[in-house]
Structure formats: C-alpha cells, structure tokens
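Naming follows writing order (A, B and C), and every chain is counted from residue 1.
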Amino acid sequence: MGGIDLGQVTTALIAIIAVPLVLLGYIILGEQVIERLPDRIQEWIRPYFWALPAIGFATVFMVYPLLRTVVISFRNNADTDWIGLANYQYFFTFPDTLTSLRNSLLWLVFYTFFAVFLGLIIAILVDRVKYESLAKIAIFLPVPISAVAASIIWKFMFDYQPPGTTQTGTLNAAIGLVGHDPVAWLVNATTNNAALIFVGVWTAVGFCMVIISASLKAISSEVLEAARIDGANEFQIVRLVITPLLWPTITVVGTTMLINALKTFDIVYVMTNGAYNTDVIATQMFTQLQHNHLSRAAAVGVVLFVAIIPLLVVNVRRFQQQEEQR
Amino acid sequence: MSVGTTTREAAPVRSAVAAIDRFGGTLQRLPLHLVIIIVCAFWVIPTIGMVVNSFRSVSDMGTAGWWTILFPPHGFTFASYQQVLQIEGVVPSIVSSILITIPATVIQLAVATMGAYAFAWMKFPGKNIFFIVIVGLMVVPIQMTLIPVLQIFHTLHLNGTIMSVWLAHTGYGLPFEVFLLRNYLSGLPREVFESAEVDGAGHAVRFLRIAVPMTIPAIASLTIFVFLGVWNDLLVALTYLGVSQYRPFTVVITGLVTSFGGGWQFLTAAAVLQMSLPLAVFIALQRYFVRGVTAGSVKG
Amino acid sequence: MAEVLARRSSRGIALCLGALFLVAACGGGGGNSGGGGASSTDVTVWTAWGGAELKAFKDVLAPFESSSGIKVHITTNRDSTNQIANGIAAGTDLPDIAPGPTDPVQVADWVSKGALKPIETALGDQFSAYISNTYPALTTAPGGSDDPYIGIIGGKHYEMMVKTQVKGLLWYNKKVYTGAAPKSFDDLLAINPSQYGAQKLFCAGFESGAASGWPASDQIDNIIMRQSGETVYTSWIQGKQKFSSPEIKLGYQTFLKEVSAANVYGGSNTALSTNFGKAGDPLFKSPAGCLFLEQATFITSFFQQDFPSLNLKAGTDFDFFAHPSMGNSQYDGNVNGFYDNFAMYNNTPAARKLMQYMATKDAQQIWVNDGGTLGAIKTLNYTDPVFKNAASVAGSAKNLLVTAGDFMPSDMQKAFWQSLLNVTNNPSSLNSELAHLDQVQAAAYQKS
C-alpha cells in the first residue's frame, strides 16, 4: 500500500471525460435516428430512449434487489424454505417494536417539519441580505459531517458531570450559568428523543435550505417587485407569493425528509443505539443485519417501503395536477 | 430638497438625507439581521466546539469544556492532526476518495438529468408508474442490495474495481436525483421550449442548450449533496472494493481508534479534515445560486 | 441548422467512439490491477484493530515481512463478518485472514460451506505446539465436544487465538486504597470508602455510543459466572436459561448493589452518561471519587492518557485485584476473558506462513512488549507488573469464559445491554425488564 496508483488516476480521468461524452453521443446520435422515424413511433420510443439509462441503473441496483428483498422476507434465513409471515410476525410481536414505531412517528413529524420549515424560512431570509453566502455556509456546515463525527460533536454538547463538579458539556455548562443542575440529556426520558431529533434537524436544515434556495432564485424579481408595488408587505409576499411558487420544491424536500426520517438510523445508532426508549424502526433493521439475519431485516425493509406508499401516491397526484396546468 | 436650490448646494443635503434613509432602512432590517445572525451562531457553535477540540489533548477535553481554550492556559496542540496524517497510506487514501467521488458524481448527474428531462417533458405510457417506482426506491436500505449487486458485479468481473463503486453510487443516488431534477425541470416555462421547437430545434438541442443551462442552480445544489454523499460513504466502498488495495479516506479513518474506542480524540481531527473538502465544494458552487438565471428568459 | 448539427454530430460521434475505446481499454486494465485475492507473495488481512492496536500489529509483522518477503495488506474493517457473509453468498473474493464470526450458527454454516479453513491445515506440523502453548481454556472444548464459541466444529479448530484480555478486574489507585484484597463480594461491599478518603466505593461508566451498556454486562457476567457457575452461564448464552430464572435474577440484584446510589460515584446519571474510558478518572482525582473500577486489562492505557501529568505507572500507581468470590468456591475458577482470533479463508502458502508466524512466541512477545494486552501463549514474558499479574490470573483460571453478550444474537445482546442501563436508571423496573428480556429471548433464538 504505497503510492498513488496511476492506473486508477487515468481511469478516473477518462471516466470524467468519457461518460458525459458517451451520454452526449447517445443523445445526439439517438435523436438523429429517432427524428428519421415516423412521428407516431417517435412519440413513444423517444421517452424510453432518454429515460433508459436512469431506468436501467435503477432497475439493476434497486428494483431487482427490492424484489429480492420482498421475496426473502417470506423465506427463512438459510434461504431454503418458505415460512410465510413468520418474519413479519417476529417484527410486530417483538417487545420493542411498539416503542420504535412510536419514536419513528415522532421523527416523521418533528424532524420533517422542523427541517423543512427552518430550511424554508432561512432560505427566504438570507436571500435578502448581502452576506447570504456566509450565512449559508454557517447553516450548511453540519451537513457534510458524518454521523460518527456528529456524535462526537454532540457528546461534547450533551456531556454530563455529577452535579457540583465542573461541567464539560456545553449545554450543561450553559444551564449551570443560571444555576440549574446538569441534565443527563440522552438518558432522561423527557429530553432524549427531543435531543436526538434536534441533532437530526441540525444536520438536515442545511440540505433543505440549499435545495429550496435554488428554487427560490428561479422566482423572477419582477414578480416580487410587482407584488410590492401592489402594496403587499413582506409577510404577505412570503405567504401569498413565494410559498405557493415554492410549493413543488417544498413537497420534494418534504418527501425526501420524510423518507429520511424513516430510513436513517445513524444518529440514533451512534448516540444511544436506541437505549432509554429512543429506538426507531431502522435501527431494528440494522440490528438484524448485524447478525446477518437478512430475512428478518428484509421484513422490516418491506414494512418501511409499504409505509411510504401513501406518500408516493400524494406525489404522483401532484405531478398529474402540475402537468394538467402546463 | 426644494426645487429652487442649486445642484451644488443640494448634493450634500441629498446625500445626507440618503444616508439617514439608509440608516433608517438598516434599522428596519435589524430584526432580520438579528434573527439570521443568532440562528447562524447557534448552528455553528457545536461544530466550532469540535474544531476547537481537535486542537486540544484528550486529558484537557476530559476536564474542561472547549471554550476554556480562550483562556490561559490554552492547551493548543497539533497532536491529533499529526496522528491522522501519520497513518500509513493516508494521502493515497485521500486521493482514492477523490478518484471515487468525482467520477461517481459526474456519472450520476449526467444520467439523472437526462432521465429527469424525459419524465418532465415527455409523455409516455407507464411514466407515472416508472416514476413512483424510482422515487419509492429511495426508501430501500442499501444493505438489502449488497448481495444481489455483488453477484452481478462478480459475473461482470467488476468486483474490486473502482468502476464498481462509481456504478453502485450512481444506482443508489439516482432516485433522489431524478426526483429533484424532474421537479425543477417541469417548472421551466413551456414557452421557451415551444419557441425553440418552432425554430427547428430537436430534443437534443432543447435539452442541451435550454434545459440544462436553466437548471444550473438545481444541478449545482445536487452536485454538492451527491459529492458529499459519495465522499462520506464507508459501506459501499468497503463492500464493492472488497479485498482490493484501493482504500478511501473513510476506511483509513476507522483505523484511527482501537476496537475499544481508545484514541477517539483523533477522530475530531479526522472529522475536520473529512468535512473540509465537501465544504470547499459548497463554497465554490455558491456562485451558481444567483437569481435571474431563468428570469427574463421569456420574451414578452 | 441541420448542417451545423450534422457536422457537430460527426465530431461528436468520433469523440465518443474514441472515448468508448479508451474506457474499454483502461477499464479492463484498471480492473485487473485493482483486484486482490490469492497470491503467493501477498496476504490480505482484515482486522478490527485500529490506533495503538494496529500499530502493535504492524510491529509484530515487521520481522515477518522482512524475513519472508511476503507483503501483508491490512485493512481495519469493523464490519468484516457481514462483508465476508455477503462475499460468501455472492461468491466474491474473501480476505485471506480475518476474525471468525461470533454467532455459533454462522461459524457452523461457514465451515460447512468451506469458507473457513482448518487451523490444523494452516499450521501443519506446528499445530500441536500451538495447542500446548496456548491457554487451554481457549483451545479445548469442555467435555471434549465441539465449541462454536472458540471455533471448534467437528473436532477441528477453525479459529486461532492470538490475543487475550481478562475482564472483571477491580482496579484501584494504590495511593488511595491501601487495604488488602477483599476475599469475597460481601467483604468488598463492606469496605468503607471514607476510611480511605474516597467518596464512593465504585466508579462506573456504561456509555459507549452504539455499544452502550457493555461495561455493565461485563459486571453482571462476572457476577453470574461466579455465583451460579459455568453451566448456567453457558446455557444462558445459548438462550436456554431464562432471564427471569432465579439465578439470573439474583445476578441482576447483585449488580444493582454495585450501581446503587450509595455505592457508585455520581449516582446513576453519572454511571449512565460517562464513557467507559473516562469512568476511571475519579480514581486519580483528589479527593478520590471512588475506590474501585471494575474493568478489563485494556483500560490501563485510558488511565494513562487521561492524566499525562501524573505519569501513572502500572504497579506503583494503579493495580488490580481479581474479582472476589461470590461465595461458591467451586465456581471461583471461572474467569471472564476474551480473545482475538484469526481465521483463514483462503488456503494460500503465504497465508499459512503468516498464521504459523502469529502462533509463535516471538511474534506475540512483540505486542506484549508494546503493552496493553495479553498474548494467547502461556509462557510470554511480561515486564509490566499489572499484565504479569493478569497473565497469571488467565493461566490459573479453571474456565476462561467468554463475554455473554458478545455471543448472543444481536437483538438479544442489544436488549440485554439496554436492560442493564434501564435497571440502573430505575431499579424498581427489574421485574418488568426481566419479563421483557424473556420475550426477546423467545423471539431472538428462534430458528431462522
């Protein structure tokens, strides 16, 4: 394991140049061919042609494994027999499942709401100041931090020393300034879920803000000026002009955050692993994977997938509405 | 500001009034600034705590909070960073990480933009179903895909190569990217495409010369997140690189702490190093977040 | 317009074809140079070791690499069992050497699939030397039958022991506690800390991120194995002994005495919130926070790094007592230890050479010299008085029993560890916790 492999570097450089070129060629050449075909055939072949790479990747990497996941959730772990709903029964009768379902619900509601809401408000507010870039950097800062690093950071924040001794944790030192005893944030039942969800929100707001900000910039200033001339104050503009225009993006971000809330377990895992009643569904799945119990993990995975189906339906309805309006 | 005064006398008066106006304006905007600054400070403090702690020794960290570095004795030390940079193979691993991340990002964005364009602007049967499936895949836990994909790569003799990691990341990242880009692309004004079509531009041209340039803010924001997702990844790299000698930075970092967690203080330095590159990418791409890229593109 | 497009397209086509050709050429080449796998001059090792442990391992390998010319490629991989399982299922390359799995079902499964190669094959004629040199508890199955916990299946060994730690030791500050070793657990509880100027009897720290609760499980393991014996202990690990059974319940009740508000420094909140590595810090503060910390041999480096100015020396500043008897002398020979093992997944000449080297006294002496661990060979030289002491504890143990939680199915382990956290937090919840654990046990050990 010595120096840098030149072969690797060359491959990478070639990939960076070649892949876009290949795709470019694919589009240009493909269109040349398609345009020569009769109109009716063009109409149906073209979309598949364009979407083929994306659908291809998704099928290989996700659809096929998803189908396989559903299948193995009905089989035993050694993959020799069908055992029907036994894995699902295991999941739903496992003593901790009720707690983790409740906690996942808390995450779904509060994590999503605060992440999207704060992301939206901050995107709108910083749009109006000159130091927007700096402010965005500050809010974005938690995003590239891995879960392990985040757990270290928040350990420093939540650290607990016995009452009466010097506090090493930022939060306990702060409340100590006003004479309050230190709180064991992650142990105490009233604070621990909120603390973990807050850490999650802390890492996610930057993401929501950046995506919403990109769409915010697409709103032409003429529209905003016109509203101001019409006498609307800033609050009204935000409520009646900006938010409706941003609504599609808010839905995308909201959907992604909801899925994230269901799926990500890292924060919970590295900070408490679900101890003191903070467990969520995804950590349960991970625990099954840890002793290689793929079929039980698959059952939990299918439960997660089924849980988001209503969400997907909402999204598709919205797309259809959007397209009709165009 | 009476009409009768001469220009030379009126100028200082006007600029003074303008200054007072500006001050009044700033005062009005004071709450705005306060809110932003307080929120930013609050958001930044935890990270600052870690960054400061990366310059302290483990015994200091156990006895007093990070803010004590501001007061003597300061206890500033580079020991954690030295430890990280001394790991065998750390620089090649950073290069490996870069070589994994950039192509993976480029490939994903190229494929996703094409696909999103089709979903946004073309009609075809089964479009909604495909779309639901692609978006629904966002919930599939990666661990469930490892064995089947490993088998596929095995038959293609791709296991252990860097290309397998690129392809894997593309597959895993596409659902969200198509989801977001489709949303953005369908928000583009139909008139622009229609007038181009009237002018004789085919789909390829409309995509490359109209759709893509107008989608730059969305592509820029996506680049940031894709980059950082691949850069911070551990599981996909470990699984598909298997026994090969390529080691990204994330793998090398796990070797910093003993299996009992001893040496965790070095993780603070490693975390600071690890987050600095995605942060740099974010800062560099900030200039694409400007208003007016799409505004005014429709005439009349 | 069409002409321009046509010209551009042809240029585009040419570029793309050229690019495709290059990708194919280099993709193939790059792929080949990237592959690992079997080779007679290289060995790939996956290990959970990192930091100082990794450095010690590299020190051990240095003489081997220079004398044999074999290059060892080490990767720190804390997910190796899962990755190897995936590799076996998908048919991809496996590392030459890596730890064996802890799940007994998995061990048997991998042996039957031929993924694990016998140590007898790896060591060849050095195998009998390995058996006679290593702590017997690590290489012999009780009753002569198989023992999947130490990798003995079908009479053959599949895990080679290379490192050991002893757990359940009572660490103390020699300058604070000047009394004698307590002979029994009751004697231990009867010690009055204020007599020695300390606040409380015990320090404890159960926090450990995703693994929070493991130090507590070590404490209760050491109680149960001495209180109720090895048969109960082993059945319990196998899921055949209920948590609400009188023996295990007694173990919990005894554990609660160790973490009661009267006995533990800072009360339960401190015990639960403090990271295990810092749990011993109050031993060295003045006034001392506590008299004893129950921990394993690897805690010594944590003491030293947290107090660099005190320059703590093993033997003069800190030492340990072995865990006191619980009152049943026939179980006093049960000691809690754990081991690091190597299993061989590819039978290559280079891998065999490395395995043979790791079984030698010279190899293991190097990491003993680096400090912080015991080797698996009985006759190693320990200059550190504390480790010399620990080695004799390991050597004189009748049974070196594994840590219970590590060998339970992971959902059981998690529930078990967290039950200890919960009863520490709220002692009155003991009965409901035990009932809950029974439910988990019934589900977790189910076949498939």
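The rule we apply is simple: a residue touches a chain if its C-beta (ideal position, glycine included) is under 8 Å from a C-beta of that chain, and two chains touch if they have at least 3 such contacts.
This is a predicted model, so every value here is computed, not measured.
Peer 1: Whose C-alpha centre lies nearest the centre of all protein C-alpha atoms?
Peer 2: A
Peer 1: Tell me which of A-C and A-B has more C-beta pairs in contact.
Peer 2: By the number of C-beta pairs in contact, the winner is A-B.
Peer 1: Report the inter-chain centroid distance for subunit A and subunit C in whole angstrom, where each centroid is the mean of the CA atoms.
Peer 2: One centre to the other, that is 34 Å.
Peer 1: Where the CA atoms of subunit A average out and where those of subunit B average out, how many Å apart are those spots?
Peer 2: 13
Peer 1: Would you mind listing the residues of subunit C that make contact with two or more other chains?
Peer 2: Answer for subunit C, listing residues that touch two or more other chains: 27, 30, 34, 73, 209, 275.
Peer 1: Find every residue in subunit B that makes contact with two or more other chains and list them.
Peer 2: Touching at least two other chains: 62, 88, 147, 162-163, 202, 245-247, 264.
Peer 1: If a residue has to touch 2 or more other chains to count, which residues of subunit A qualify?
Peer 2: 1, 5, 8, 11, 15, 24, 28, 159, 289
Peer 1: Looking at the complex, which residues from subunit B come into contact with subunit A?
Peer 2: Residue list for subunit B touching subunit A: 29, 32-33, 35-36, 39-41, 43-47, 49-50, 53, 61-67, 88-89, 91-92, 95-96, 99, 102-103, 106-107, 110-112, 114-119, 122-125, 127-128, 130-141, 143-145, 147-149, 152, 162-163, 166-168, 170-172, 174-176, 178-180, 183-184, 186-187, 190, 202-204, 207-208, 217-218, 220-221, 224-225, 228, 231-232, 245-247, 250, 264, 267-268, 270-271, 274-275, 278-279, 282-283, 286, 289-296.
Peer 1: Going by the contact rule at the top, pick out the subunit C residues touching subunit A in the complex.
Peer 2: Where subunit C meets subunit A, its residues are 8-9, 12-13, 15-17, 19-20, 22-23, 26-27, 29-30, 33-34, 73, 81-82, 85, 103, 106, 109, 209-213, 265-267, 269-270, 272-275, 409-411, 414-415, 417-418, 421-422, 425, 436, 439-440, 443, 446-448.
Peer 1: In their shared complex, at which residues does subunit A touch subunit C?
Peer 2: Within the complex, subunit A touches subunit C at residues 1, 5, 7-8, 10-11, 14-15, 17-18, 21-22, 24-26, 28-29, 32, 76-78, 81, 83, 86, 90, 93-96, 151, 155, 159-162, 184, 186-187, 269-276, 284, 287-293, 295.
Peer 1: Note which residues of subunit A are touching subunit B in the complex, please.
Peer 2: Subunit A residues touching subunit B: 1-5, 8-9, 11-12, 15-16, 19-20, 23-24, 27-28, 31, 35, 43-44, 46-48, 50-51, 53-55, 57-58, 60-66, 68-69, 122, 125-129, 133-146, 148-149, 152-154, 156-157, 159, 166-170, 173, 202, 205, 207, 210-211, 213-215, 217-222, 248-249, 251-252, 255-256, 259, 262-263, 282, 285-286, 289, 294, 297-298, 301, 304-305, 307-309, 312-313, 315-316, 319-320, 322-323, 326.
Peer 1: For subunit C, which residues are in contact with subunit B within the complex?
Peer 2: 1, 5, 27, 30-31, 34-37, 44, 48-54, 58, 73, 75-79, 83, 86-87, 89-95, 208-209, 275-278, 281, 298, 301-302, 305-309
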